[in-house]
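Below, each structure is written out as structure tokens.
Same chain, two partners: chain A is paired with chain B first, then with chain C.
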Partner chain A sequence: MTAPLLDIRELSVTASTASGPYDAVREVSLEIPRAGAVAMVGESGSGKSLTALAVAGLLGEKLTPTGSILFDGEELVGMPAARRREIAGRRIGFVFQEPMSSLHPILTVGQQIDEGLRAHYDMTTRQRADRVRELLATVGLSNTRDIVGDRIGQLSGGMRQRVMIAMAISCEPELIIADEPTTALDVTLQRQVIDLLASLRERLGLSLMLITHDLGVVAETCEQAVVMYGGQVVERGDTRTLLHEPAHDYTKALVLSIPTLGDTRRRLPTVASVAPWLSDTRQIPLADRPLTEMSQIAPDHWVRSTTAKDAA
Partner chain B sequence: MTALLEVENLAKSFQISRKHRVDAVKGVSFRIEEGQTYGLVGESGSGKSTVARMVARLTEPTSGVVRFAGDDVTRLDRAQRQQYRQDVQIVFQDPFGALNPRMTVEELITEPLVVHRRGTASDRGSRARDLVERVGLPVSSLARKPVDFSGGQRQRIMIARALALQPRLIVADEPVSALDVSVQAQVLNLLKDLQEEFGLSYLFISHDLSVVEFISDQIGVMYLGELIEEGAKRDIYANPQQPYTRSLIEAIPTIEGRS
Partner chain C sequence: MLRYLGMRLLALLPTVAVPLILVFLLLRLAPGDPAALLLGDSATPEQVEALRETLGLNAALPVQFGRFLVDVLTLNLGESIFLGKPVVEVIPQYALVTLEISFFALVVALVLGIGLGALGAFRDGRPAGRIATALSIVGISIPQFVTALILIVVFASGLHWFNVGGFVPLSQGYFPHLRSIALPALALGIAESAIVARITRGSILDVIREPFVTTARSLGVKPSRIASVQIIRVAALPIITVSGLLVASLLSGSAVVETIFGIPGMGRLLLDAVSRRDYQLVQGVVLFTGVFVILVNLVVDLYYAVVDPRVQLGRKSS
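And then the complex of A and B:
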């Protein structure tokens, strides 16, 4: 078996706050295989975005990662900034939720896509201009009008998200980290972006780390999923098993709480009704919650033992 | 039977410049029966929020009629208008932007009562306690400010505030779109419980078809300012007539994955 492209081992992210340090991410371990797609699922504050930012090296000075993040065998935690930029800038691409605030309002579409090319490649202006058009074609933005000279404000939400994807793949990365890439989009545009990500994976052999709270998107995009709750991974495994035979109470609650088409339920189950013990833990500060063992219950299915049972 | 709310040929145009006019809403008609939920779906820019604002009288229609309990709400006298503003309340999408950060929860919930001169200060205080408990928050919340609450809790505060004047119709514009799925389920359940308890009617706006299906009795689909299809929810989902409605339904990602 070949080594995974991304191998995260016991990653913690410590936040320093006025009331002292606490771990916002606690001993997260996960792997993303080459050309594989892994979803990170969980509610706001569960630590999924922080985990992604730790991989990106974008944590900022108040957040400190410990543990290990191996990217293609190289340790990212504690790596010198210059070397890290080389990896995070070229070999890892990012797509964020809100294209309106992640893209520059004044620079043109062409200038923004060109930025990565200029920083990481030794190409002539002409070559880069050709590459920009090629990238726009790859993300499906060449068959309407020419938007190279457009500013972000002139584009629709779906087009903006495509521009961001074009930027993310501009330096031919091996891994794309997409943080809620479809959340701000209408359902029809969401469908287009999901299909685009899937086809890029196939055409370019990319690995994908997809952060989302939409389990439907997870099912259609990723073979594997990681469920986070309170800064910890509570369950991980292949997507089908996780969504159809969830083992952890939180995953069960998550799956049950979503209304689906043709739903005849009068009420939706919630975390509080499916797993009262779990909603009780909400009152406990993250740092004081016990960190129990993960156990393997199937070849590709890991679940964290429930604290309630251990305490009993 | 007269409907609680009847919207007839409602239209709104915005004059963008001397030459450009945007017809945001074109000839929209629907009705909401007492105690029922009418779900309005469509993508951004389809005009659904403009319809909501016109029903709540936050935006003046260019033409058309909104009748509430039989009365044309564009031709109400002062007293009737006051009554309408109590009977119809609105809950917005963004609980962070819609609550005044400097007010306590008690002030936020009792403000509508103060504006409409309802009850004594102590009546209002006890009403606030009832409401805050009814939406599932501890009474101790009353002294705190919005910043102390999560998105789901803020949406509960907004709902408590909307209930303060005992409205008959609540216009909910994307009330759960900004919430995590587990919190979304709690708020949807709460809205259903309140409807049963108080006989409320809802005009429920959302771009999420599964959410709209869960909460609604009747559904209308908007596209480019027009209501292109409407009916009982079972019919809309089982047998959509318009290609656009079909494409909306097919675009929803499902846990089953795509075959």
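And then the complex of A and C:
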């Protein structure tokens, strides 16, 4: 088996807050194989996005990553900024959640896509302009009117997210990180954007890290999934197993909350804001508790035990 | 676009009218009689009365204002009582000097202010940034006349690079002329640069946190390019607005600086005219300054549309 494209080992992200340091992400380990797709699932604040930002090198000044992120064998944690910039955009592309605010309000669509090309390639203005049109065609924006000179405010939500994707793939990266790329869109557009990402993945041979709340999307697009809760990975494995035989209480609760078409008898259960296994009587904040062991229960299925060894 | 311009120029009339009415009333409410001042202490009350009649000062206020309005609309601003010359002839030669000093001061204010502000924002929290921010706070707190005096002490009487005061007209050579207005322009500019620096810093700090900056970073765009292309484009808008307001502030600040450096500009002309109750001249200067400031701000508004194409002139934003 070849080495994975992305190999995250015991990655922690420490936030320095007024009340002292705090681990927002704790010892996350996961792998993304070449041309593979891995979903990151979990509620807001579970650390999915911070993990993704750490991989892309976009953590803010007050967030410090520790541990190891190997990208194609190269260590990303602690990498000098200049080297990091060579990888950003060129080998790792990022699709953000909110295209409206994540795209520049004044620069035109063409100028924005051009920025990545300008940063990484030695191309003439003419070549870059051709490439911009080619990219717009790739993401399905060539049938409509010519939008190269348009500004973000003139585009619809779906078009904006397509522009965002065009920017992310502009330098043909090996890995695309999509951080809830459909959350800001309405349902029909969500479908289109996910289909676009899936088809691009196939056509360009991309690896995909997809952060999402939508388990339906996970089932269709990703072979593997990682469930996060409270800054830690609670379960990971291949998507089918995870959705059909969830082992962790939190994953079970998540899977139960998927609505089934035609099933009108039951109310959808709510995922408890604090999962049962966490509501112990000691009232110790999650981040302060010792991490419990992660155990392998099948060839490709890992789960974190719900009780600490000393508390058992 | 043309329609917008027309509307704006039409709106200029009431905007100019307000300061004119205020000046007209304030001058006449203030104690002091131009006729008495003109004739000196030895004049008899009869002589003063005769002169008041000649100057039209005995008419009722509304009548005086009516005459004044008609004069303004026909661009006949009357004669300066003291200088004995038509106001329209007096103002340009003084205005030119003031506008020149203000222009250089604006350049100083923008270059220094944007520089300090950008340094304060991009190096926020680090020593260079803190020093830049501290300097701009100090700059805001120091009045213009203190800045002017410090400049005189250091560069004129200390280093002898410039003359302490006095004005050399352009006709006596370009370099001596520039040298004579350098310190006044610097004094004015430094005082105003502090405000530009504050606005620039705040504006850039706001934009730095925008998600589109993170997007640019995710593409591997260099920080220098992110700053010069992505951030400045958005952060420039408040700075442009302030520049427009700055022009008004520079014109009023010139009164102080011109007095200190002994420069025959409009600021000093206005001060002299007020102290002599030279009604016609005061009104003329206020009218000129008002129209000028409003026109500058109109240009600033038009320039908006050039910098930010989202600004659509003459349309209500949806």
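Here, the second predicted complex is superposed on the first by the 295 of 312 C-alpha atoms of A that agree within 3 Å, B and C clash if a C-alpha of one lies under 4 Å from a C-alpha of the other, contacts with A are read in each partner's own complex, and residues count from 1 in each chain.
Just so it is clear, contacts are C-beta pairs under 8 Å (C-beta built on N, C-alpha and C of every residue); 3 or more make two chains touch, one makes a residue touch a chain.
Computed from a predicted structure; not experimentally measured.
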Looking at the overlay, does A:V187 come into contact with chain B only (first), chain C only (second), both, or neither? first
Is A:E31 touching the first partner chain B, the second partner chain C, both, or neither of them? neither
Between chain B and chain C, whom does A:I258 touch in the aligned arrangement: first, second, both, or neither? first
Contacts of A:D238 with chain B and chain C, given as first, second, both or neither: neither
With both complexes superposed on chain A, which partner does A:A56 reach: first (chain B), second (chain C), both or neither? second
With the two structures laid over each other on chain A, which partner does A:H104 touch: chain B (first), chain C (second), both, or neither? second
Contacts for A:E223 in the overlay, against chain B (first) and chain C (second): which applies, first, second, both or neither? neither
Name the residues of chain A shared by its contacts with chain B and its contacts with chain C. none
Residues of chain B touching chain A in their complex? 43-44, 151, 180-186, 188-189, 192, 207-211, 213-214, 237, 247-249, 251-258
Which stretch or stretches of chain A touch chain C in the complex? 56-58, 85-90, 92-94, 96, 98, 101-107, 115-116, 118-120, 151, 153, 164, 167-168, 170-171
With touch defined as at the start, can you tell me which chain C residues reach chain A in the complex? 210-212, 214-222, 225, 229-230, 233-234, 308-310
Contacts from chain A onto chain B in the complex sit at residues 43-44, 157, 186-191, 194, 213-217, 219-220, 240, 243-244, 253-255, 257-263, 265-272
